[in-house]
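Mind having a look at this structure? Questions to follow.
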Amino acid sequence: MKRFAFATVSTLAVVAGSSVLAGPQAEVLHWWTSGGEAKSVAVLQEEFAANGGSWTDMPVAGGGGDAAMTALRARVLSGNAPTAVQLKGPAIQEWYEEGVLADISSVAEAEGWADVLPASIAGHMKCEGTWCAAPVNVHRVDWIWANADVLAANGIEMPTTWDEFNAAADKLQAAGVIPLAHGGQAWQDATVFETVVLGIGGPEFFQKALVDLDPEALTSDTMVQVFDQMRTLRGYVDENFSGRDWNLATAMVMNGEAAFQIMGDWAKGEFLAAGKKPGEDFLCASTPGDGYLYNVDSFAMFDVEGDDKKAGQDLLAKLIVAPNFQKVFNLNKGSIPARTDVALDDFDICANLSAEDMGSTSDAGSLLPSYAHGMALRGSQSGAITDVVTAHFNSDMSSADAVQQLAAAVANSY
Amino acid sequence: MSEWLENHLPKVVLAPSFIAVLIFVYGFIGWTAWVSLTRSKLLPKYEIKGFIQYERLFDSPRWDTAINNLYIFGALFIVIAMVLGLLLAILLDQKIRVEGAIRTIYLYPMALSMIVTGTAWKWILNPGLGIESMVQGWGFTNFEFDWLVNPDYAIYTIVMAAIWQSSGFVMALFLAGLRSVDGEIIKAAQVDGIPTWRIYTAIIIPSMAPIFLSAFIVLAHLAIKSFDLVIALTGGGPGYATDLPATYMYAMAFSRGDIGQAASSAMIMMLVVFAIVVPYLYSELRAKND
Amino acid sequence: MTDLSMPQSQTEPRSQSAVGKVALRWLLYVLLGLFALYYLMPLFVMLTTSLKSLEEIRTGSLISLPREVSFDAWKTAWSGACTGIQCEGLRPYFWNSVLIAVPAVAISTLLGALNGYVVAHWRFKGANIIFSLMLFGCFIPFQVVLLPMARLLGMMGIAGTIPGLIFVHVIYGLGFTTLFFRNYYVTIPSELTKAARVDGAGFLRIFWSIFLPLSLPIIVVTVIWQFTQIWNDFLFGVSFSQAGTQPVTVALNNIVNSTTGVKEYNVDMAAAIIAGLPTLLVYVVAGKYFIRGLTAGSVKG
Amino acid sequence: MAPILDINKLYKNYGATEILKDINISIEPGDFLVLVGPSGCGKSTLLNCIAGLEEITGGTLSIGGNDMTHVSPKDRDIAMVFQSYALYPTMTVAKNITFGMKVRGVDQATQDAKLKEVAQLLQIEPLLNRRPSQLSGGQRQRVAMGRALVRDPKLFLFDEPLSNLDAKLRVEMRTEIKKLHQTLDASIVYVTHDQIEAMTLATKIVVLKGGVVQQIGTPAEIYNNPANLFVADFMGSPAMNLIPAQAHKNGAGTQIAIARDSGETLVLNDARDLALPKDVILGLRPEDIAEAGFRAGDGVQEAECLVDMVEPAGADTYVVSELGGKQVTARLHAETSAQAGKMLNLAFDMSKVSYFAQETGERLN
């Protein structure tokens, strides 16, 4: 990287040209570009500015961060890495292994991150013992959302097992309601899949199958059952689901066309935006089974030249994990703070439920990373699994075949 | 010195472009070939590890789908776009009163990127939102048009949208060709009492052979590069039923962090391009050299 | 050549042929109209959606006319939509795209013209091979070049800058512009070059005084092609830009593509149309010359 | 005075193909040199070499006494008129004519004066503001010549300038070019495939075939004493009769025997003392065979021949008869009584006969 130092400096000069004072500097690459997301990031920018920093915004949306990752690779290869980048899960460690991440341990230790973050989440922020990323929030993935009126009209309770869910769904189908609102995009298929794995196999099985990629677990009978349940769920989805955006599926639940949706807690934002009230108009519950699948957004700091930029990184890391930002940001975004010492009085019941479960599952060891949202596995492995899941869900592949393909795809992904 | 410059100016002028192409096309192809032999993951690495990436590629059912889709998509797209383009050109060539306006309507999709039009297409083709529900709303309740969500037919919706985007351009090419055919030959044929359709099939169309070739090449290049289209319309789905090599490669390189795998798929793509383009270049330069 | 049915009709009974002709004419217009509908459909959907309120989109049919026309979405898309923490709409990015597209189109067209001129009229040993190699460059999938290009741009010190983006667009536009001009220039008789050389004009003088004034049709074709390609480019734009140099397509993408935010389809569609306006305008205004240029150029009668 | 154009041992190859071989030509100021030959003989290539538009592979070339072998066209002090005229399509006639001067930085006043002079000479003054596309073929031709004339060069080069005109215009322009040559006393190299043009215009003709010079000479030399069968056949219309014959020494002269399908062998005597081999090709132009009684002279001999065909052509009537297995054409006066299928007494002017070797085609006398 040293070789390209001169180039970096010269291009940075262009970027930095606007601010003459050498206060803390940060160019932030993220994919929170629209509506509530953007406003949430703006909170961070305001705090950063209030502390004398100057923030350069580098938003790249699309494909759940794919486009941003494309841009990031190009920037890193050209020796012109952004100061801070929205990164999550094992991707943080992957980038660390490429030797391009900065060490922010000094900030983390000064701020006592280790004491306020749940251990499994803190694990994601560390690279070989040093702190290399700052967590922003915790999204819970294994949520099931329901239209309160529809459930009431059909005399249905929130299901706590998949069998209950299937029974409820059959009833709803008979009543002419679409049981499950779903968008047929690979990542949504994967989201449903992982909640089924968690529900049917339990936290331990989830850990073995989708985190450790244990071949035995992948080819086990339990996994066959998981695919059977996926096939059953396919029957509860309307026929126009393919390619549908998740928020359109949410809208179906909102207007009573469908009863349930399995989606992370960002779906709540869509309900709230439409003026619906949690607990009254719509219900939230964890998907059938134990455990908690988290999706933690975080920012990693890249190796950059220049004291003003390094100061920017430290300031940014400090602010991100500080209680004030954690609270304001997550109120906006629908998720919950990553740190456990933030008062949740202002948060709604779903968020409170989420926080409560996070605490209890953390103690029980069933606080697990979401594979579908890139928390559990590296890109090539999670991608290989998603390929099989989505192929199975969108065809008439048998569960036995799916299990075989799953094992083969995982083996071929290293 | 100035004498030398004057004599060598053509070469001097061509040199920068040539060098640029050498580096930025061939150098990069070489780079890709090299990387395809490594186990590069998130970022490129340069330690050669053999043909493992190609083995992985050919073991991947998703790549099989992508290649098969390229054949289906490529063949249908090229043939239909050409036939449609020719048909439209002939229709427009009949002294149409509002030719300018119609031509613009046919041509404009080329002006818009698929990022822009993809969403609209997605809605139109979606059974619950678009054509199917509209026609059913008219009372034809048995009408079905669910290709977008049917894994076996979704690739054909990609073909539809691709044709929508490119056939106007092909029409323009053919229209230009029709306008440049020697009028005297046609008059002679008319005097001989040859029916109009025969004049087209027997005289005009055969004389446009070079345009067919150009159109073929433009379309083939679009087919191979098709990327935005798939991303915007189906995102490769349902499942990965509409994956194409270009989307496969992009997914591997940028969302999966599997650059070695992406490079090997790129090399296979390049071979396909090579097989199509080289014969064209050969004939093109042969014919025009004399 | 267009009025093909004329001589035939004289050989047939008048009234019958006249009726048939009118019917045929009608059929022709109906056909053309149907195709026009096919081509206009997506634009129609985009336009109507952009004029609806979000409420109406949520509840109504997506391809019906708006109940109440509102231009709010357009205003938002142009100057209010969030593309990150800034909520200034497409406006600031529009200018970036202009700064990228105009020089890139101009440079690649000029270089293409010079290259085509050399390849068509100053053939030297190996010129054809060079031309073939350049042409093949048209067909390279752009995803392939992203990473090595990023590295080279970094080494050249223009990574993330507008000159860098111009450079990339020029490089990968050269193949097509050279092809266009070469195919056009081979139709110009070589005696013209010879006459000018005897008259005492040199390489550049001949290009400037004789070829360039003749090139208007093909310049139009090339400019339209290049402008469309560069304006609509997303892949290079997203990979080789940084904060402050992002083109309008990247901003559009940021507005349209939200992962976990609420979607405002009317703003999305309005933004999409705004982003596409310059290219649309070019096609509408210069479409006529486009066909003419194609006739003059790549097609020899 | 030095020759205005001197080509010495010129070779031109395209890759391995030899286009021109060992060309040696030299012309004096005021000469009108015509390069003539069938298409593909290399005459246009030779002209391009003279102009400097093609690099030559070997040999030297000088114009006006200066070595020009490797000098670029613009410095050779030449002007050229092309077959397609090569007028600059976007410039007016006036600009077309003055372009060369403008490039060379000639001042505006001189440009105007010269333009006026040339326009007058060629009678194209009313056309000066038009563009080439608005001109007729003949007018374009004049403009193209104007563009050459205005430069007042040492040497004019014409590359088949009349071949795109219709027959009548071609004859008119031919006369005009000849007139121009005489008034300007210019030195001209002129390429054509039309042997009549060559004959009418040239002061000196070079006949080319397959990149090799066949003969160089005045029109009369070429016409009367063709150097070989090719030149004999190529120059003149109708072409020279070339009849296989057998020669025998006959005292001081030569006896020539020509076989005939119909009837006995035709025997003619050439009074000249020629050392000929037994088998020869006898060359005799149609106008040197007349109806008996209409031609007199020492060499004239008469013989009865069977008339196969009679072709009246206005001023003359051509009569075709079979001799030595060939269709032999005789040019008779218009009022001849010859009738197809009848015998006719023809007079052969043996003093005009050319003899060629059967093997090599080279001239023997």
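Order of writing sets the labels: A, B, C and D. Residues in every chain begin at 1.
Just so it is clear, a contact is a pair of C-beta atoms (placed from the backbone, for glycine too) under 8 Å apart; a residue touches a chain by one contact, two chains touch by 3 or more.
Everything numeric here is computed off the predicted structure, so don't read it as measured data.
The minimum number of touch steps separating chain A from chain C is 1. Set against one another, B-C and A-B show the most C-beta pairs in contact at B-C. Of all chains, the one whose CA centroid is most distant from that of chain D is A. Chain geometry summary: the mean Cα position of chain B and that of chain C are 15 Å apart. Taking the mean of the C-alpha atoms as each chain's centre, chain A and chain B sit 36 Å apart. Inter-chain spacing, taken between the CA centroids of chain A and chain D, is 90 Å. Mean C-alpha positions place chain B and chain D at a centre distance of 57 Å.
Those residues of chain C in touch with two or more other chains are numbered 146-147, 149, 202, 235, 253, 256.
Taken residue by residue, chain B touches two or more other chains at 6, 44, 129, 250, 253, whereas all remaining positions touch fewer. In chain D, the residues that touch at least two other chains are 72. Within the complex formed with chain A, the residues of chain B that make contact are 41-44, 56, 59-62, 122, 126-129, 146, 148-151, 154, 231, 233-241, 250-258, 261.
Within the complex formed with chain A, the residues of chain C that make contact are 58-59, 81-87, 146-147, 149-151, 153-161, 235, 238-244, 246, 250, 253-264. Looking at the complex, you find that chain B touches chain C at residues 6, 9-11, 13-14, 16-18, 20-29, 31-32, 44, 88, 91-96, 100, 102-113, 115-117, 119-121, 123-124, 129-130, 133-134, 137, 164, 168, 172-173, 175-183, 186-187, 190-191, 193, 195-196, 199, 208, 210-211, 214, 221, 224-225, 227-228, 246, 249-250, 253, 259, 262, 266, 269-270, 273-274, 277-278, 281, 285, 288-289.
Those residues of chain A that touch chain B in the shared complex are 63, 66-67, 69-70, 73, 76-77, 91, 94-95, 97-98, 184-186, 189, 238-244, 378-380, 383, 387, 390-395, 405, 408-409, 412-413. Against chain C, in their complex, chain D makes its touches with residues 48, 51-53, 72-74, 78-80, 82-84, 86-91, 99-100, 103-104, 147, 151, 157, 159.
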